[in-house]
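Heads up, the next two complexes both have chain A, just with different partners, chain B and then chain C.
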Partner chain A sequence: MRRAAAIRPETLACDGTDQLSDIPVLRVEDLVTRFGPPGKGLIAVDHVSFSVRRGETLGLVGESGSGKSATAMSLLRLVGRPGHIEGGRVVLNGVDILPLSQDDIRKRRGTEYGMVFQNPMTALNPVFSIGWQMGEALKAHGRSHGREKIIENALRDVGMPDPHRQARSFPHQMSGGMRQRVVIAMGLINEPQLLIADEPTTALDVTIQAQVLELMKNLTRDKGAALLLITHNMGVIARMCDRVAVMYAGEIVEEAPVDEIFENARHPYTRGLLRSVPDGARPREKMPTLPGEPPDMSQPQTGCRFRPRCAFADERCATHPDLLEIGNGHKSRCWPAQAGEAFDTAGNRSETANAV
Partner chain B sequence: MARLILKRLMGAVFVLLAVSALVFAMGSLIPGDLTSVIVGQEGATDEQFAEVRRRLGLDRPLPVRYVSWLGNALTGDFGTSPITGRAIASDLAQQIPVSLELATLTLVFSTILGLPAGILAAVHANRRLDFIVRGILLFTFSVPIFVIGILLLLVGSRYFPGMFQVSYVPWSEDPMLHIRSMIMPLLTIAFPITAMTMQMVRGAMLEVLHEPFITTARAGGVRERRVEYLHALRSALPPIVTFIGFQFGILLGGLIVVEQIFSLPGLGRGMLDAINTRDYPMVTATALVFAFAFVAINVIVDLLYPLLDPRQR
Partner chain C sequence: MPSENRPLLEVEGVRKEFQVESRGEKARLRAVDGVSLHLAHGETLGIVGESGCGKSTLARMVVGLERPTDGRILTEGGDIWAPGKAGRTRRASFQMVFQNPSGSMNPRRSVGASVAEPLRARDGSKTRQAVAAMLERVGLNPDFAARRPHQLSGGQQQRASIARALISNPSLVVHDESIASLDISLQAQILNLLLDLQQEMGTSYLFISHDLAAVQMISHRIVVMYLGEVVEATTVEEFSRQPLHPYSVSLRSATLVADPKRERNRPHVLLKGDVPSPLDPPSGCRFHTRCPLAVDICAREKPQLRKIGNAHMVACHFPERTPTITEAVPGPRGTGANATETA
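Let's look at the complex of A and B:
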């Protein structure tokens, strides 16, 4: 594994023609995660499929409760009870990790994919020094040689001043931004090819957010790692991502390259999300919001899940649409979009209705 | 650190002074003072009463009596019991080791058993092992200790007559018999206390196991056993240590029933006897010993806290 990480810069230099870069780091197929007993409870992740290519940044965007975090935890196989993965495949570097034993999956955590959590205030253990906690991540994978040096380098990589001293300090002695840097350093310390970041900047001050995003972008680029960035913030998506997958009510409803999403979104939900981005040019009181609420996931769903909130819904939408390719690398789970219909007029109408 | 110790010690001295004033005042203000016990209810003349009062120093005002009592108490002299005629300090000196030993043994037993049981219950929360552990321990907790004690006495003396020593034997007389005499009281009190420890550890561990930093450790590939027994347990330790400390304080004063059942000459039994005979000087002195133990435990726990939780340093 370590050798693969070491040769990666060369393969990147070959401009993606290499065999290695054709296999995605992560391929998720029909992932289903349920909270509650089989047949009951709620399905938080419903037949989700996507893949992350080497060195790529994929954004997973959606409202709270749309299943983004449940997807991330499912990828790590760390869904807490009563949640459990019910089906699908999570293929990490060519190996489906869902049938693996607990110890096999444990060995892959940190080394093949690392995780950055939402709230740096609670993501670090308050009673251990940060150096000790980073050391745990190294020890877990049998890396005891030169541990202190590795930790100091990792801290220096994330821009910590005086890493030797900082390794001995405790989380409460640091600011939120510094702690998130530590969390990122921990996520990357075993040189994974994929970093999963779940709302990594949501808990931070706006001024720090940009710095932390920039840091993650640079680090993953320098190390050639792919990034799966989970967020509800379209601004973060625009700044960071190559491709975007939009989640709604446990499903992916649209997937496209980032420019395509911003210029030509082909799902009414995505369009609603884009319109809800605060814009300095638009007076605040006229900022449109999405009307209605996401569906109650503990109830069985029929038809398109966005239908009750959708300005374009018609009789077709009583049948549940599939996620289909509608353009080059552009997928949408919407009947009108799949039929090639335009959204413009009705879209404007709903926006006016929501303003004020 | 030195400042913290000083602050805590000063606080402890203040609390002890307040408690001593309170117990002394209560002992003195309860209707029916010592004189009536000594002289007897009927047939005594007022002169006899006054004479006894003067002899006991009860004719002086309360604050004066308190100050002189406190001065003596500080030198370890609690006076002589008007009931038994023995020095209170020497009675206490015999009782304290008995209660201290039983309390310490109980605490060691309950911690050695309750800590792993609590961790196990938390790790297997709401699964079979959790129900078994909690079921057994909470059963012992819900049966009153006088029932357990008497059952043990019956079963022990009936079926294992050689194993237990029913009446108390001091260590200095016969160490082997002493150990045998402590087993039954220990078994009686230790299981309910273990249940409390287990329940407390389980709660503290469960809380920590749901913390995001536990997920961070798991996501970094740390082995599950290590996450549970090192990362989580270490984080849950501060409230657990506080709780065990308080248990010790409660135990010292809470052994009355056990000491009564097994005729152990400890503080609890001494206190009960003193109350029954209205031996107020003895009651006051014993109450002060309890208060001292509680305050001392509190100071120790407070001073341990910064060691356990870096945020308190």
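Let's look at the complex of A and C:
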């Protein structure tokens, strides 16, 4: 197996309490999550592996159904029935959390990792004040001293005006942007080493999105927390991330540092995705698009899953490719890319079809 | 009869008030407050703004789903609320595509029946061939007519909604966030489809979205709304060169570019606070509470929408100062200076 490296230096150092900054806070290995009975149903997360280091922001990007949210839920051990984690390892600060009991997990949620969900209205309980709800998060971790002060500071940290008064207000009395700040403050109140944010700004207006992203960037920078940012928005990725992993049909198809992804994408899906972002600078010009739609995941997949939509597919692609290193920190799950072939944008195998 | 050379759509000083209850007291919410705009045959007008700016209410008034509290909506010079058949016919010449494709089709009827509905409402004639042809035109297999909406993917459902809107050959289709619920690769497909269909059929679009990049891609002209008012209106080319309202500039600055190097290097205008409540809009210029350039007069006096340069309307006391708060993206340095000259 080429996938498994022989030596993992970070596992050797993991017994010490002092962790070096290049030791991943989170390391995910061959994570498999299935919805439905074993052997049936659909595999939403298919052998996904990645890691996030201290102070680093990893973007997990993909379209709906690509498995990015299912990955986040699996990391949190929050996959609900009929979904279940079928295999792999999720190593958080050196401990595989998949075999742990729910009690153990609950202790780690909040302090070791925090979560920011997409919809701030459903992430908050409508019948309790936000101060009360934030207090619950503290109580769960036995932090009862000076709770009020901690809550006010946490709200101040996320740029909430008048935190003393706001702690007494209820979710419905706040705007969407304010609510999302509360959710972020709650995700961070126990100072987790890893923050998992699933589409944290999708429900927000762009000027508010700019504020919230700025806030998350500062918080990861100042507190050295790792951030796993899940989004479908390429602009958010460009603004926020150090590294990017692209998901398609349950798998990571490409992973690279952020500049590399945008300048030298080496998977036809990533390239198509990037081309599909509308550019205001070229009004009323048709955009190059990705023809077709993602595969139906309830059907068994053979070969490269992107093959039916790919302009570069050939007979090799009938065999399922692995995610392999093709350059410095750059991995691609594509036979032509692994063979070092150029993705020629000219000619009749053009990838820049204006398909409608 | 209305003359041919009148604009397809004229919106004249339209206002819409809703009676709402706020903390036990009745209040009047002005969702749209004195909006005027026009749209020519075969043209696309993009309306951009954030939630609560009144863009959806405006869309609903244009297609006749809401009646304006004040002001008039004309098509080729005729009021769409004229009594009797005249008004009804005018309202029927507009169609709408909604945001959520699965929610805008009857789940218990076949896609074909839903698509045929506008034709059936007009006359009872044979619709089967028309539906098949229209489905093909929007890139769907005509066999889909027999399916139920849930058997189609989100992108296919939105294509079917577009087919339904276009089947009665309307002069104007209003898109209210019609691509917002789609994935990016599908958004690009639909935007291309709309451009193609417009070229083939000459339909006008009123394209309403919070996504500035998408609006800039599809529109000829662009209108920026804030708290129920138009703050800027101009051509897309002029807008991408230099927006002149501080809000438009912040909107453009907040619209992230899918290019990490450009994203790191361009300065960002970070607005303070949230959009104020439309129940209690700020005095003077409604944007003054968040505007980085606001001075005393902005809180006192409401700036009128006035013409600056060629075909550029802006409602700001100091549009010549606007370029100072921004980056000149993506053009070369000096575009800011040009904009000052037009003032």
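The definition used in the following text is that the second predicted complex is superposed on the first by the 324 of 356 C-alpha atoms of A that agree within 3 Å, B and C clash if a C-alpha of one lies under 4 Å from a C-alpha of the other, contacts with A are read in each partner's own complex, and residues count from 1 in each chain.
Note that a residue touches a chain if its C-beta (ideal position, glycine included) is under 8 Å from a C-beta of that chain, and two chains touch if they have at least 3 such contacts.
Remember, predicted model here, so these are calculated numbers, not experimental data.
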Label the relationship between chain B and chain C on chain A in the superposed model as either fit or clash. fit
Touching partner for A:Leu78 - first (chain B), second (chain C), both, neither: first
A:Val258 in the overlay: touching chain B, chain C, both, or neither? Say first, second, both or neither. second
Looking at chain A, does chain C or chain B touch more of its residues? C
Once the shared chain is lined up, is A:Ile208 touching chain B (first), chain C (second), both, or neither of them? second
Now for A:Phe170: first (chain B), second (chain C), both, or neither, which partner does it touch? first
Applying the touch criterion given at the start, work out whether A:Gly114 contacts chain B, chain C, both or neither, answering first, second, both or neither. first
In the superposed arrangement, does A:Leu274 touch chain B (first), chain C (second), both or neither? second
Output check: A:Val183 vs chain B and chain C. Expected answer is one of first, second, both, neither. What do you get? first
To be precise, I mean the smallest distance between any C-alpha of chain B and any C-alpha of chain C in the superposed model; what is it in Å? 8
For chain A, which residues lie in the overlap of the chain B contacts and the chain C contacts? none
Which residues of chain A touch chain B in their complex? 73, 76, 78, 80, 102, 106-111, 114-115, 117-119, 122-129, 133, 136-137, 139-141, 170, 172, 183, 186-187, 189-190
Of all residues in chain B, those that touch chain A in their complex: 210-224, 226, 231, 234-235, 237, 308-311
Enumerate the contact residues on chain C facing chain A in the complex. 44, 50-51, 139, 153-156, 183-189, 191-193, 195-196, 210-214, 216-220, 236-237, 240, 250-263, 268, 270-271, 273-275, 330
If we count contacts the way the header does, which residues on chain A are in touch with chain C in the complex? 63-64, 161, 175-178, 205-211, 214, 232-239, 241, 258-259, 262, 272-291, 293, 354-356
